[in-house]
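Here come two complexes built around chain A, the first alongside chain B, the second alongside chain C.
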Partner chain A sequence: MAIRVLVRLVSLLTMAFLVLPLVVIIGASLTTSKFLAFPPEGLTLRWYEVVISDPTYVASFVTSTLLAAAATLVALLLALPAAIAIARFDFPGKATFSGILLSPLVLPHLVLGAALLQFGAPLGLTRNFTALLVGHVVIITPFILRTVLPLLTQDQRSLEEASRDLGAGPFETFFLVTLPQIRSGVVSGAIFAFITSFINVELSIFNTTGELNTIPVQLFNYVQYSIDPSIAAVSAATILAAVAAIIVIDLTIGLDFLSDND
Partner chain B sequence: MVLLAVDNVSKSFGKHQALRDVSLTIEPGEFVSLLGPSGCGKTTLLRMIAGFLQVNRGTITIEGQDITHLPPHKRPLNTVFQNYALFPHLSVLENVAYGPRRAGVSKAEAASRAREALDLVGLSDFSSRYPRQMSGGQQQRVALARAIVNKPKLLLLDEPLSALDLQLRKRMQIELKEIQEKIGVAFVFVTHDQEEAMAMSDRIAVMSGGRIEQVDIATNVYARPATRFVADFIGEASLLPVERQTLRVLPEGSTGDAMAVVRPEHVSVLASPPAVRDGQLTLDGRIETIVGIGGATTIYVRAEGHLILARRLGLAGSDLSEGQPVTVAFDREAVHLIDGAAS
Partner chain C sequence: MSTSRIAVLGLVALPAAFFAAFFLVPLATVLIASIMKDGSLTAANYTRILFDTYHWEVLATTFRLGLLTTVICILLGYPLAWYLVRMVRWKAWRRICVILLILPLFTSNIVRSFGWMVLLGRNGLVNESMEGLGLIERPIRFLGTETGILIGLVYILLPFVVLTIGNALARVDRSVEHASADLGASPASTFWHVTFPLSIPGVVSGAIMVFALAVSAYVTPALLSGGRVTVLAMLIFQQYSSVFDFNYGGALAITLLAFTLAMIAAASLVSRLGAR
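Let's look at the complex of A and B:
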């Protein structure tokens, strides 16, 4: 009994630890003061108005969303075939291949960003959307690879063989059998990938301009000169967008797999 | 017309040669078992017939059509997998309807064919369940229904009963054989269990070290083994080096020009004084061990250095005891000779 109370207490504390910063941000975004304050001094939506009426904020929000969505899509198209190749086939240099694909996980993004700026120039990859996209794809592909690879098991392979045996070609088999089986890894990997792209500063900062900016870089630039509640409003808007996205995913694909045990 | 013809097929994995010049033909409606210890190449052969492995050399034809290089989904055969390989995200009905759907059959028609197949395996009430909600035996039946729903000419079964407990396995053996006769499909059945192979097969292909040692009807594989391996692997036997002409048994360690295979049920153990009949071969020896397993008793007799097995129904008589000098006797007709010297 005492243990159960303790477990519950620890769970509540953990949740508080995770959620309280969000409460502070959302609270601070509602303050009437001209500086960040928590608890908020009075309640107003003025700072949201400031943000929405600022075209640079809106533009960077759109850029960030498009960038994260496009990068996630490209990363999926790269990571899924790569994962299948690594899990299913033996080829020379396989260990090196998967090592290279996973290496961005341990490389400082700042270094990657600087390198991309230096070596991307001859390819026309400087300070444009494509340059941002290439960089983001590099850093988020490993997330999907990591979550999908463990699901491509031997059992999974015999399901694919059964599908082939019953008359399905390789592509039909992928969409009818493989994909439904690795769905949980694909969705969770894609969520991680999207978020990682959406909040990235270190890599993006090398290739953003006044006209082409992502929301975190925009915030980063802004707080160097002034700190007012509008940055809290931007952050809060991001949080709300994330919550909305999670709800949409839950309603369409379902998040039940996150607690699946089998 | 021959249904399946495997012709001089070889396969190696790196330096390991899994199959060496294997040839095998199967008639329509026939039940053939590939029997052998693990690593003998039986599963490799099955997977090559199914198309999951490429042959290095040789050809595979079905009804005269060369399928050696066809991908698995274009071969006119189906497989029952060892671990069933049921799709966990599909219901039982959807699992069974998967084949007809891939063949371009309408949803309604596929469902009705699937129901028919489920009916055949006695699972018509389970169509809306999911595989994980079913027992091993039921999953086994679903896998069978899924494999026969497209009415293939040839069904490949990869140790399909190995995961079931003994009671259920025996029942499924009978049931599987009944279904096979009912639908008239040829079965190629991989197993390492000789009793299973004996109970079900029209013919048995005994495999060892990547080769087919013998293909024959079950009683012949037992009574007339072609090689030392088959004699040793199928059932129990005493393998004795002999002189081909006289059938005289040579002492342990010597090499005769033939080897005698004597099954334990043909060997009598006679307490002295020996009552030897005409035409019988006898050896004097001493009882080493007596092992009773209820229905039968095995007596191990050491004679001329060889360990000779004899079997009696029921419990050992009180006339025999360990260490006792005895005479073993067996009829000349009960001796099957195979070529080659004893090692």
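Let's look at the complex of A and C:
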């Protein structure tokens, strides 16, 4: 019994430890003081106004959103055909192919960023949107592949064959028969991919400039030199966006995977 | 046969070409640069890492932080995973906990480290409440120390451990535990002889993942070190962004990469052995 109490205590403290910094940021973003304070001194949304009226923040936010959306779209165009090929066909080099596509999940992003900078320099593929895009596509494609692959099961094959026998072409079969069955994986994979791109620093930092900047890299640069509540406001906005994304995922696929089936 | 070959080619061509061009070739560029100096083949970049005591120190700091992060993550993560899988009876609360656990994974490392910069400062909440409780007389210096970086890394990587261990625990067959209890084993002895061994693959794969991510972390150490502590990833970034020595930077990057890949290989080996 004493052990149960201890486990409960440690768990609740650990949960508090996980939530505390996020609460602090949201709290600090509401302060009326000119410096960062937690607990906040008074409550105001002034710092959010400061952020919205700052053109560099707005530009970074637009860049981040466009980048994440474009990267997710390209990643879907790469990951879905790759997933179909891996799940439905046998071909030489299949293990290598899927291994390479999944490996960015575990490679240090900093190393990949450095590699893309070095590779892109002689080609003029640095410090522009395309340079950011290709890097982001590489790191997020495996997220979609990983969530979609387990949903492409063997028993769907007979349905696909039936569809073909009834005269549907491969594209029709994919969009009308296969896609509806893997939709939850595609949606959650795409959300994960979008977020991963949106919060990336290690890869983007090599290819951003004063004019072309993403939100997290801009925050990274600001935080190292000056700290004021407007940084907390930007951070708090990204936390609230993350909460919204998680609720969407919870509603589409459900997050109750830690439940015990006893 | 030929139609399926055309189908495979049609499906695979684009992703394969993209990853060859923007993943394999760039990594190969780094590898080649790491064994070149002034236009000729050399191992000098690697021997420079080996013989420079400053770099030994950086590697030791990186390794020490990785190891401590892993140990603390397991010590905190196992009870929390157990609590979520086995002790929470109210489904809505577990759901909230899982959402709170995943939330940090959906927020930037910057934002999360920034939270700790606020908390751990001289006049931050941590120092003020410890002073208020009379635990300390003067503020403790966290920022710019290994302790500060350690707190940040544990915070960022803990959710991974809880999720992997939680998944392993949720998959343990409860009938084995009932059998152990029926045969007269105490709850503690059932835990140590039945449940814990069954959860070891989850613990090990979580630990190795955390270790690999901790030794390659850049943002958290960069923000919480205040430039006073240097880890391997910061050294690599310096070489690429301010020193512009792509050869030496390449050697450092390949060292980190090799280290990480060895960890991943060990992890997959363990999980394969565990699955048997």
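A few remarks follow.
By definition in this document, the second predicted complex is superposed on the first by the 215 of 262 C-alpha atoms of A that agree within 3 Å, B and C clash if a C-alpha of one lies under 4 Å from a C-alpha of the other, contacts with A are read in each partner's own complex, and residues count from 1 in each chain.
As a working rule, contacts are C-beta pairs under 8 Å (C-beta built on N, C-alpha and C of every residue); 3 or more make two chains touch, one makes a residue touch a chain.
Bear in mind that the values here come from a model prediction, so they are computed numbers and not experimental data.
With both complexes superposed, C is the one of chain B and chain C in contact with more chain A residues.
With both structures placed on the common chain, the touch criterion links A:R8 to chain C but leaves chain B unconnected. Touch criterion not met for A:P40: it reaches neither chain B nor chain C.
Once chain A of one complex is fitted onto chain A of the other, the partner contacts of A:P229 are absent, as it touches neither chain B nor chain C.
Shared-chain residue A:G189: touches no atom of chain B or chain C. Contact with chain B, but none with chain C, is seen for A:P180 once the two complexes are overlaid on the shared chain. On chain A, the surface patch touched by chain B in one complex and by chain C in the other comprises residues 170, 262. Listing the residues of chain A that touch chain C in their complex gives 3-4, 6-8, 10-11, 14-15, 17-22, 24-25, 28, 36, 38, 77-79, 81-82, 84-85, 89, 91, 97, 100-101, 104, 106-108, 110-112, 114-120, 134-135, 137-138, 141, 170, 195, 198-202, 205-206, 215-216, 219-220, 223-224, 227, 231-232, 235, 238-239, 242-243, 245-247, 250, 255-262. By the touch rule above, chain C contacts chain A in their complex via residues 4-5, 7-8, 10-12, 14-16, 18-19, 22-27, 29-30, 33, 76-77, 79-87, 91, 94-95, 97-104, 106-112, 114-119, 124-125, 155, 158-159, 163, 166-167, 169-170, 174, 188, 212, 216, 218-219, 222-223, 233, 236-237, 240-241, 246, 249-250, 253, 256-257, 260-261, 264.
Interface residues of chain A facing chain B in the complex, by the touch rule stated above, are 155, 158-159, 161-170, 172, 176-177, 180-181, 262.
Note for the complex: chain B touches chain A at residues 50-52, 71-73, 78-79, 81, 83, 85-89, 98-99, 102-103, 132, 146-147, 150.
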